[in-house]
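These are the structures, in structure tokens.
What follows is subunit A paired twice: with subunit B in the first complex and subunit C in the second.
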Partner chain A sequence: MPIVLDKLTHIYQQGGPVATTAIEGIDLVIDDGELLALIGHTGSGKSTLAQHLNGLMKPTSGRVLLDGRDINAKGEDTRRLRFQVGLVFQYPEHQLFEETVYKDIAFGPKNMGLSSEEIDERVRGAMDMVGLPFEEIQGRSPFEVSGGQMRRIALAGVLAMRPRVLVLDEPTAGLDPRARDLLLQDIQRLHKEGTTVVMISHAMDDVARLATRIAVLEKGRLVMEGPPEVVFGRFEELTRMGLDVPQGCQLARRLREIGGPQIPDCYLLESLADSLAAFLKGGGGDAA
Partner chain B sequence: MTDNAHLVCDQLTYRYEPEAMPAVKDISLVIPRGQFTAILGHNGSGKSTLAKLLNGLFLPSEGHVTVSGMDTREEKHTWDIRQAAGMVFQNPDNQLVATRVYDDVAFGLENIGVPTQEMPPRIDEALKLTGMSEYADRPPHLLSGGQKQRVAIAGILAMQPEALILDEATAMLDPQGRKEVFDTVARLNREQGITVVWITHFMEEAARAQRVMVMDHGAMAMDGTPREIFSRVEEVKALRLDVPPMTKLAHMLIARGIQAAGDVLAVEEMAREVIRLCPSCWIN
Partner chain C sequence: MLRDITLGQYYPVDSPVHRLDPRTKIILTVLFIIAVFMASQLYLYVFILGFLSLAVYLSRLPARMIIRSIRPMRILLVFTFILNLFFGTGETALFRIGPVVIWQEGLMNALHFTLRLIFLVMGSSVLTLTTSPVTLTDGLETLASPLKVIKFPAHEMAMMMTIALRFIPTLVEEADKIMKAQTARGADFESGNLMARARAMVPLLVPLFVSAFRRAGDLAMAMEARCYHGGEGRTRLHVLKIGRGDVVAFLVMAALYLLLLLPRWL
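Here is the complex of A and B:
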């Protein structure tokens, strides 16, 4: 079930005196099973793009196709289509509101009109997927657990709707390293189990480790897209856009300037260490 | 205790409730005047509690905190201490109150009763020091996250503090905003001699501090220079923290039989280290 963005454009307050083009002419196909990282400077249009993927925002022009069907078309069962794309906002824990963790996670499935048995199964399943102990916290207030747990409750609320595509807007922002790693493990596992993931992130070292493909937005336009080694290879352009490059690639580039080896997967520290160790042991000649 | 001791904790313990487990447990430390200290620790390790104890927002359950020799427990010092050790919090949107940047910076001064005629020069200076002068007339809500945090810092600077305590002030910012705020604070430390306590989850920020303290379960688990702390990779990991990528790489090289130094922190430094390891490997 690929998602196809076809000349997607969104203009805020179109026609008004302060009309702002947030995204413009985006053509992008998101294939089944990929983990696409969406990167770009603040204000580049990442969040706007993300909110089009499940119909939360409507394009000013252009289309969003899911399985070939326009999710904003009249006559389509748009509601059912949109349930297949789960969107997790920035700081999603700010949107927790129910009395108990259980009720909060059950909110989405309930809206889908599922039976209470089905809802129960989904709440348990979703909590399990993000490593939340059901018996221990299902009855607690979502406001009295840790920040990392709140984030995972919010994620579970979306997962309980069993989306085939998961869209995450800066999922690890503000988390401590431990909570961040746990959350990234959850995301990686969901991806391995077949969920398509679109992840907005500023954390390039996380992007480098997880993404199968990276799309770069600048001023509302899609300016670059490809696997990590290709995108991070375009070091100068990313830097010019004010984006970070994984430190491994900064190092590899610095060393290449003075005759070091080509290390295309410099964004993975393990590979970088392998290549560098081989290069140094070989006295500089043999870097492979 | 030395003369230049600025922020001092002496067997400091803090409990939120009388019977509760201590959130801060028997901490003794001296932060000298003008030092840039980073505090690391996972959520719930006691970092934020310690920060609030350092400027008298919380008072010790046991032990003492002194700021420039003033004991936070003595009520007569409360306002002097809060003015001398200003705090910046995580969420920039919760800290700004006025409709104009200038008025926001003035707000704190009004609160502490600074005479009106003395306010403009102090506000101008604070805006200048944070690089926000040209935004004086702008509404704060239209600024970027990094700019908002700089306004929050300006509001504190106007009160002419001797110490800044920043509790994850960059956690909600993008990389550019983070750099903006960190660089501003680093400059204030360097040029104005302001003591800085920088609480963060970002290892690369801690790597740039003069001193790093790591908290765990309310206690001080590690205390040293960034180089000393991060080279103890296994200990840092056991405390559920990370080390900077270049330190990680150095240890991966060591594991592969390369005699790399284990205390490398930054990219340039790592490049020099790799060149040193095999001088003949390179063109020049």
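Here is the complex of A and C:
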């Protein structure tokens, strides 16, 4: 049951004096079970695109299809749809508001009209998924825990709705390395357990490690799309757009340029290490 | 949804009126309002209309913006007119419908008060449309600074106004974002009765207040880091200067006063 974007276009303040086209003619299919990374320069339309996936923004033209049904068609229950496509905004901890962590995470399930037993189960489940100790933290105020924990509480608040698709807008922005790694592990586990994930990110090494597919936006248009090895293989184009490539690719390229070991682009540092090791064991200079 | 809110209605074009010193414009607006109340005969409003038209013409504001400025007042205007018309008493009855008498004095009063209100609102609109909020607070600060003698905190007032105005768009944007985030969690801001709607605002207002306090703390820190310690000894980037245009503007105002006062002396 994929999400299909069909010639999706959004123009801010259409007809006004400062009309700006945020995204234009996007055709994209998000398949079940994939982890799609959306990358692109600031202002390339990534966040706008993300907000179309659960009907928070209405396209100026084009359609968003979930299970083959236009989510913006008249008579569609957009609220029900939002429980299926969970959207985690940038800095989601800014949306915490309840007295206790438990109540905040329960906000989504409560809006779904679930029974209190079901809500309880979901809150516990969601906290477990993001590695928050239930007993220790559930009764505390969400404003008195650490920044990384606040982020995970906010994420749990969306996960508690058990969405089939999880859309994350720069989930690791502003986190320290440890909190970042923990969060990325959570995301990876969710994906392995079958949740479709769409993730906006600027951290190319994270993208290289997690994504099964990458879509590149530039000035509101979809300019590249494919598995990581294909997209990161187009090094020059990405650099020209002002985007990074993973360190593995950069290092391999640099080594080739200076006439060092001629190893192929490896977008993961681990596989680069393997290639280098194989090269060194092979006795230096001759290996391809 | 929230982005449509516009506060402060500055109309940014370049014109002789826009370039006037804000202090001149504030004083002239006050003088204009006094002038409006000095008009003792109906025909004198022609001069006031003439002055206002001149100001609007020179400021290159679209006339419909000025006319639109009285729209929020329309109910008050109608009430003012009707109340004065029907409940005034006088000596000359114009006509009577059953028990209701329309007096000539009542009609005159009704016209006077309605016209005065219209001109009052239009006149102050010219001020806010041609002066950016920051310039306006600058002008107010300078005008109020003599009051420092009686411990009136002119600088602090102006700084607070400037900061408040500066953060309105930021907070609107923030509110929009939080609203969307809660909507994504199934919050419903648009349906239900009054109580349900009020309760639905909690998930919006709590994060908004938290973020406003955080921003206020950050701003205070940033201001202190740049050695802000109040208005004492503080110099300005844009020093207010009275130019030739300001003198001309005052002369035109003097002419208006002359026209309004002449009939009293003759």
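To be clear about the criterion, the second predicted complex is superposed on the first by the 272 of 288 C-alpha atoms of A that agree within 3 Å, B and C clash if a C-alpha of one lies under 4 Å from a C-alpha of the other, contacts with A are read in each partner's own complex, and residues count from 1 in each chain.
Methods note: a residue touches a chain if its C-beta (ideal position, glycine included) is under 8 Å from a C-beta of that chain, and two chains touch if they have at least 3 such contacts.
Since we're looking at a predicted model, the values are computed, not measured.
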item	value
Partner chain(s) touched by A:Ala173 [first = subunit B, second = subunit C, both, neither]	first
Touch count on subunit A, higher of subunit B and subunit C	B
First (subunit B), second (subunit C), both or neither touched by A:Lys7	neither
Partner chain in contact with A:Val158 - subunit B first, subunit C second, else both or neither	second
Partner chain in contact with A:His94 - subunit B first, subunit C second, else both or neither	second
Touching partner for A:Leu272 - first (subunit B), second (subunit C), both, neither	first
Touching partner for A:Arg256 - first (subunit B), second (subunit C), both, neither	neither
First, second, both or neither for A:Met112, with subunit B first and subunit C second	second
Which of subunit B and subunit C A:Arg189 touches, first, second, both or neither	neither
Residues on subunit A lying within both footprints (that of subunit B and that of subunit C)	none
Residues on subunit A engaged by subunit B in the complex (per definition of touch)	41-42, 146-148, 173-179, 202, 205, 242-244, 246-248, 250-251, 254-255, 258-260, 269-270, 272-274, 276-277, 279-281, 283-284
Sites on subunit C touched by subunit A in the complex	174, 177-178, 180-188, 202-203, 206-207, 210-211
List of subunit A residues in touch with subunit C within their complex	51, 54, 56, 79, 82-83, 86-87, 89, 92, 94-98, 107-108, 111-112, 143, 157-158, 161
Touching residues (chain side subunit B, partner subunit A) in the complex	42-44, 90, 144-145, 168, 171-172, 174-177, 201, 203, 240-242, 244-246, 248-249, 252-253, 255-258, 267-268, 270-271, 274-275, 277-278, 280-284
